[in-house]
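Here the chain labels run A, B and C in written order, and each chain numbers its own residues starting at 1.
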Amino acid sequence: MSKAVELARHLETLKINDMYKNDFYWTWDKTNDEIDAIFTVADALRDLRERNKNTKVFNSGLGISIFRDNSTRTRFSFASACNLLGLKEQPLDEKVSQIAHGETVRETANMVSFMADVIGIRDDMFIGEGHKYQKTFIDAVDEGYRDGILEQRPTLVNLQCDVDHPTQCMADLLHVIHHFGGVENLKGKKVAMTWAYSPSYGKPLSVPQGVIGLFTRMGMDVVLAHPEGYEVMPEVEEIAKKNAEATGGSFTKTNSMEEAFQDADIVYPKSWAPFAAMEERTKLYQQGDKAGIDALEQKLLAQNAEHKDWTCSEEMMAKTKDGKALYLHCLPADISGLSCDEGEVDNSVFDRYLVPLYKQASYKPYIIAAMIFLAQVKDPVRALMEMDKKDDERKMF
Amino acid sequence: MSKAVELARHLETLKINDMYKNDFYWTWDKTNDEIDAIFTVADALRDLRERNKNTKVFNSGLGISIFRDNSTRTRFSFASACNLLGLKEQPLDEKVSQIAHGETVRETANMVSFMADVIGIRDDMFIGEGHKYQKTFIDAVDEGYRDGILEQRPTLVNLQCDVDHPTQCMADLLHVIHHFGGVENLKGKKVAMTWAYSPSYGKPLSVPQGVIGLFTRMGMDVVLAHPEGYEVMPEVEEIAKKNAEATGGSFTKTNSMEEAFQDADIVYPKSWAPFAAMEERTKLYQQGDKAGIDALEQKLLAQNAEHKDWTCSEEMMAKTKDGKALYLHCLPADISGLSCDEGEVDNSVFDRYLVPLYKQASYKPYIIAAMIFLAQVKDPVRALMEMDKKDDERKMF
Amino acid sequence: MSKAVELARHLETLKINDMYKNDFYWTWDKTNDEIDAIFTVADALRDLRERNKNTKVFNSGLGISIFRDNSTRTRFSFASACNLLGLKEQPLDEKVSQIAHGETVRETANMVSFMADVIGIRDDMFIGEGHKYQKTFIDAVDEGYRDGILEQRPTLVNLQCDVDHPTQCMADLLHVIHHFGGVENLKGKKVAMTWAYSPSYGKPLSVPQGVIGLFTRMGMDVVLAHPEGYEVMPEVEEIAKKNAEATGGSFTKTNSMEEAFQDADIVYPKSWAPFAAMEERTKLYQQGDKAGIDALEQKLLAQNAEHKDWTCSEEMMAKTKDGKALYLHCLPADISGLSCDEGEVDNSVFDRYLVPLYKQASYKPYIIAAMIFLAQVKDPVRALMEMDKKDDERKMF
């Protein structure tokens, strides 16, 4: 029995009826079975592809991508996932198109979706706005479908919003699961999600938020560490607490990077902007207050610079479990002595973890494909079984 | 018998031999049977897609798109149509490419067409130039095909030129046909194609021209209304007159929006620039006379502002047949109190017609697909029949 | 027996084991059999496509394209080749993506390649840098493949570097082979690869270098002509010399365009920048010395202007064999009296050769497809045979 069939049989045991024709905003919207199903399908699709099986679900159809911020890896992951399933990625570039000229989101959403099966949106720039935009967009196509304008109801894949970054954090976690030899080995593992210094400013909060909102579901001991003033959204901390309670793990906070790293099995040191400052920035942008934005940026950079000791150095790594914690990063990292003078991580640490870091990233296309698969395929178990059985190859010669 | 088969049988009765390997510039180049064929194939493809049939015609091949003006909806419609038929849309971005550096149109046309089956061009900016560019481009690939440079002869879909906007106006008309329950119900219906005020200037004339050139073929009473000075191309008015004579309808002109709206079954209020001013603008651009262009813009904006009463208000809508005329717009509209202070249409009117407006737009991908289909498929009746019969699905799982 | 089968049988006689899973940097890396194989597969794929055979190798997969310089024809050739084989061309636009923000090439290479089968790179701007970039990129994915990060090992197609332009020069040569009725007729033919005046400056050296490095393998008499100071890379001249010795042809140099054109069977007059100046320019860019760059540009333009007599005029063409040498150009050309006042070629000469020039260009998509095919298909002979035999059409209706 192939791995794909084994995984399909596991999928059969999960309660996933609500995933079909549904959207993926945040991991905490999803049940444990649904999260499990995403991992299962991601692994199954990977196994099928490795065995040169054709995994196309669609003969035609579009996967619309909307990136309201620059992106290489997420863009390519989404394009790869669409291609794997037979969809054509069609980017909606808001600078080129007429959207800038006063079209409402609702109108645009319908206009681009006549033949769209999937919508992938990244909108992480402004606290309070990213999720709202995704929701408005999808509510519009949902209404369009109900009104008979759209023949099919395209499903959302959140490619990063201001609250969560589910494709990233699920790829991170699938990597962790495989690294530790299975989800059953994660219980009791200590995870240090810590802030780290970067010479840039204004990095999104969605990664730390996504990590504490997801990793706490695995019965792990998740520590969120950051200097005072770098708080994340309180709503997400609440979710992390409840998750921890429900799974017998823990969620704690500290203002000491050392404390977080001490005996950690997994470390995720990464820069982000203070939540309150990001809220202020959003307001300044809405008011078009350029002087205010510049002043805020200077203030934040100065604030950052007070915490240059928050860096994933060799000394810090030595504090972790056997000095060998699994180092995670969503990339690109600010690497001291390589991409900047002082940054999130020592070059020697980063370099030692290159292979696992790239493997971590390699799960993202499959996570996205699994999200699309489960939202679009009515009988995913049968589909995986048939793909496994059929003599249909990805590379035919 | 499915709707697609029914439509294929109707297609069999039409004389459409000249459509194969031919281009689509203007609707008035086409016979009534040919126009009918486009509508028939568009409806058939829509029925097949709604029934999850695979409608791919090509296993490989490119659909080149050239947008010499910004576009969202037409771009996505073209990409969707290509994808539906198995072609890959390949945009030729003239800003990125070397075309700006003195390549002739003829050379570029051949260089991008080695594996192109379709060329879609939008060039609506300058009176006297858009159609010319399309013609030059297609003449070049035609010559290239005859000279043995190209293995196949790509066909043109006019995605909007300075004279006509056939994919828009045919989508508009197909929407009207379905709204009134069939082409046989259109005879005697009154259509008000009227100018409306917009705070912007320089909108293309191709929509009003396309509408009067096409809707007059259906035996309808088409009224073109605009303030003095906003005349459209006289050649197209001539076509509208002849069409009306041939079909027992009428084509009239007025300088009163009220008169046009009175008892109208269909209203299409939309801003456009005066033809003569657009001719002047083209010359100024050719001379690189920036001061002249700015002066003209100011003059035109001032001229526009004298006609702010030309707006599709609730009062105006009340004059139409039972106060319930079908409101059409090619979108995006300038909506008073929503996208601008004073514009083409009241927010309450626009909002009431949202669903039909989006349905109107939903026909465009199918109209484009039908144009490609009829230009590329040798035996379109057989193709539709086989697509209907085959156990080949668009979404396979 | 079809032409494709005939070509497949010829392919069977060639020693091409090393091509599978290998890269294409420079033509002189390849054995004569390997060069022959590319031509053979290019012709076979063209024959299959002309007979409407489906030539897809892949059901899914990406062909990443990286253009670090503007491009229309090479971009479309690569996209066409990918599409012909079933791959989706996915451009990596370095201006839009995060690459500009300090990602290393190694990281990017892996991040975009998770589902990539082919990488096409054009990087011809800076002497000493283009090839280096390609090598670094491919070394990274090779390492990624060995480390188990990538499931497949994407292969490189050099779409132009600072040293060679193999897809261009092989398309040029295939055109020459067909023009003269077979490779066996090339022995002893005189080829004039000559510099020509252009009002622009800084054109890459990869075309003249590629031509002398490739055409000398055919037993032809290759003359490289340029004004003093316009030398190409000495390493490539060495290769040309050795090739000529091995095949019984010759490689000579002259500073007289007349001498080169005298009795030539083939002429390739084209502007390029002096190698030494390009080396200097690369250093100035690395130092960010803008004043130095501007001064160099002025110096080079003045130097160019001293050689306006180096142009492919009617007088010059009259000196060639029977006045009818085959005129080659990679396009776009600087055409005197058409695209510029004084340029590389007289309008009347260029115009007379339009059809052969476009044919020359038409080979490029097939050359690229053949490079991909031979690097990706394990048993290319069987694949061509099956494609020929199967009832599988490119255009299905």
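As a convention for this text, a contact is a pair of C-beta atoms (placed from the backbone, for glycine too) under 8 Å apart; a residue touches a chain by one contact, two chains touch by 3 or more.
Because the structure is predicted, anything quoted here is derived from the model rather than measured.
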Connecting every touching chain pair, does the picture come out as line, ring, star, complete or other?
complete
Is it true that over half of the residue numbers where chain B touches chain C are used by both copies, so same, or is it different?
different
Could you put a whole-Å number on the gap between the CA centroids of chain B and chain C?
41
Return the residues of chain A touching two or more other chains; collapse runs of consecutive numbers into ranges.
56, 86, 88
Tell me, which parts of chain C touch chain B in their complex?
46, 49-50, 54-56, 70-73, 75-77, 79-80, 83-84, 86, 88, 331-332, 334, 338-340, 355, 358-359, 361-362, 364-365, 392-397
Show which residues of chain A lie in contact with chain B when the two form their complex.
56-62, 86, 88, 90, 92, 96-99, 101-104, 107-108, 110-112, 114-115, 117, 144, 147-151, 376-380, 382-383, 386
